[in-house]
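In the two complexes below, chain A is the common chain; its partner is chain B in one and chain C in the other.
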Partner chain A sequence: MIEIHLILLFMIAAAIVAVEARDLLSSVVAIGSVGIGLSLAFLILKAPDLAIMQLVVEIMSLVILVRATMRQDLPFSMSGRWVFNTFSTVLFMCVFLGAAYIALKNIPLGGGDFGIASGVYLREAIPATGAKNVVAAITSNYRLMDTLGEVAAIFTAVVGVMAIARRVGRPR
Partner chain B sequence: MVTYILCLMLFCVGLYCVLRKRNLIKIIIGIGIMGYAVNLFIILAGYRAQSRAPIYANDQIVARMVDPLPQAMVMTSIVLELSVTLILIAIAIRIYEKYGTFDITKINKLKG
Partner chain C sequence: MIQKGMSVIVKTVTKITLGFILLYAVYISLNGHTGPGGGFAGGVIVALSFVHIMLVFGKEMALKRLRSYVLRGLTCAGALIFLYAATVKFSGGCVPFGAFLEKSVSCRLFNSEITLPFCEMLIIGAGLFAIFVALVLLSKSDRYDSE
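What follows is the complex of A and B.
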């Protein structure tokens, strides 16, 4: 699994660049490279449908984010309780990673067996739905209501953006 | 195990960005990084060693496929993240029009 480690290290480095870059446009480009790395990781983890979807969604969100990068980042300042806030944030991250280490210590990557539902889906996909791609069989047959909810969420997002970005307000 | 910890370190980078940056666009970017890390963690939990994609072929057997259910769930989650980013950007642009800044310490006028 050396490939997935390399890609994850690349993603962490690109994310740090995205967080710390002064120019907002370079920050947006760095977040785009994190998304492309995630697409490659999906491909290595045997999820080709997700890799395609992540690529498309990444390009769309990049185009939307470029619209919002009008100015430079704010200058660095240490006003307020800067030392205390940064120290508590780093402390919380250390506690989080330590707890994750204890919890995940004995779980190997790629072990384990299917859950009951996954086994049923895998065994009955061809006789029940006729689809050779099991993920497509799940999203568009077994769990079609999920996909319907996804479409409803996109519709709600579009309506919300139109309501927020509308120029004319209520007349006073 | 190292893979899980690296994935959670990516999550922590996004969390640091959300908690310690003052720029609204940087905060939106941090939320995006956290979403990527969580999606990758779910796919890692469904991965099985030395198996292939869950697509039937002539020489493919069920015991050598990865778990398809997390992939179907994450497919929904990716699209929902796109819509969340869309609404956040719209709100940020609106705030910029009203206040002329992305600094969250200066956006403090509740009136009007």
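What follows is the complex of A and C.
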């Protein structure tokens, strides 16, 4: 498992570069390399579905960042209120790390109630649904409500963006 | 900053490869039942191919090919068909047109192998490209450029 640690180190380094770089284009490229590293990590952890999805979404977000939002005239300030900013950043990091510690400590790995459900899925998903991909069998048969909610969330996001970001408002 | 499209080489290669990119998107989304892939990834590839057209040929060309109301219509149609197919699957193929559609026909028509990934591909592809178009048209330099 040395590869996953190497990729994690690479992602952390790229994230630090993305935060610290003065040039916006360098930051965007560094964010893209973080995403590519995440895709490789999914691939190493044997989740090719997630790897494909992460790859295409990363390309999409990179293109959107470069083409649509990266301008020279964006308001960007590095000065002022640094005490409050630093304090709120440290506070948020503490809260986030504490919550993540509690949540990750309570995940039962390889046992408990989750183990029962995943065992049933692994045994019965392929014969019951006729799919060869267990992930697709779960997301489009057992957990179709989740997929429906995901599609509803995407649809709401699209409608919201198109309502807010349209060019000319409708005359009243 | 924004040119009206790229060079002749890029335009020619784009004309050749665009169909293959769309074909690959359909393959990815319909292959989700037997291999890695799925409707979401296929939809993002569709959106990326239209973004590709827009970057290569300029935004007038892309928007002439694919109007804004077409995007909205595709997204809404995909969402409605997805909702209907999911309802059919929840109810075991009976509701809501159970009176004049056979249960087996309904189940075969609104299956999770083809219909659901295809609708998801429509929603994600048209929706993400619509978001891209909205963000591009919103940015300042383009607005001054086109007026």
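Quick note on the criterion: the second predicted complex is superposed on the first by the 122 of 172 C-alpha atoms of A that agree within 3 Å, B and C clash if a C-alpha of one lies under 4 Å from a C-alpha of the other, contacts with A are read in each partner's own complex, and residues count from 1 in each chain.
FYI, a contact is a pair of C-beta atoms (placed from the backbone, for glycine too) under 8 Å apart; a residue touches a chain by one contact, two chains touch by 3 or more.
Please read all numbers here as calculations on a predicted model, not as lab measurements.
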After superposition on the shared chain, which partner residues are touched by A:I4: those of chain B (first), chain C (second), both, or neither?
first
Touching partner for A:A125 - first (chain B), second (chain C), both, neither:
first
Would you sort A:L148 into first (chain B), second (chain C), both or neither based on which partner it touches?
second
Taking the superposition on A as described, I'd like to know which of chain B and chain C A:S27 touches: first, second, both or neither.
first
Would you check which partner chain A:I59 touches, where first means chain B only, second means chain C only, and both and neither mean what they say?
second
Does chain C touch more residues of chain A than chain B does, or is it the other way round?
B
Considering each complex separately, which residues of chain A are in contact with chain B in the first and with chain C in the second?
48-49, 53, 57, 60, 64, 67-69, 71, 73, 132-133, 135, 139, 147, 150, 154, 157-158, 161, 165
Sort out for me which residues of chain A touch chain B in the complex.
1, 4-5, 8-9, 11-12, 15-16, 18-19, 24, 27-28, 31, 34-35, 38, 41-42, 45-50, 53-54, 57, 60-61, 64-65, 67-71, 73-74, 80, 85-86, 89-90, 93, 96-97, 100-101, 104-105, 107-112, 114-115, 117-118, 121-123, 125-126, 132-135, 138-139, 143, 146-147, 149-150, 153-154, 156-158, 160-161, 164-165
The chain A residues in contact with chain C across the complex are 48-49, 51-53, 56-57, 59-60, 63-64, 67-69, 71, 73, 129, 131-133, 135-137, 139-141, 144-145, 147-148, 150-152, 154-155, 157-158, 161-162, 165-167
Within the complex, which stretch of chain B touches chain A?
1-10, 12-17, 19-23, 25-26, 28-30, 32-33, 36, 39-40, 43-44, 47-57, 62, 65-69, 71-76, 78-87, 89-94, 96, 102-103, 105
Of chain C, residues touching chain A in the complex
28, 32-38, 40-41, 44-45, 47-48, 51, 55, 72, 75, 79, 82-83, 86, 89-90, 112-113, 116-117, 119-120, 123-124, 127-128, 130-132, 134-141, 143
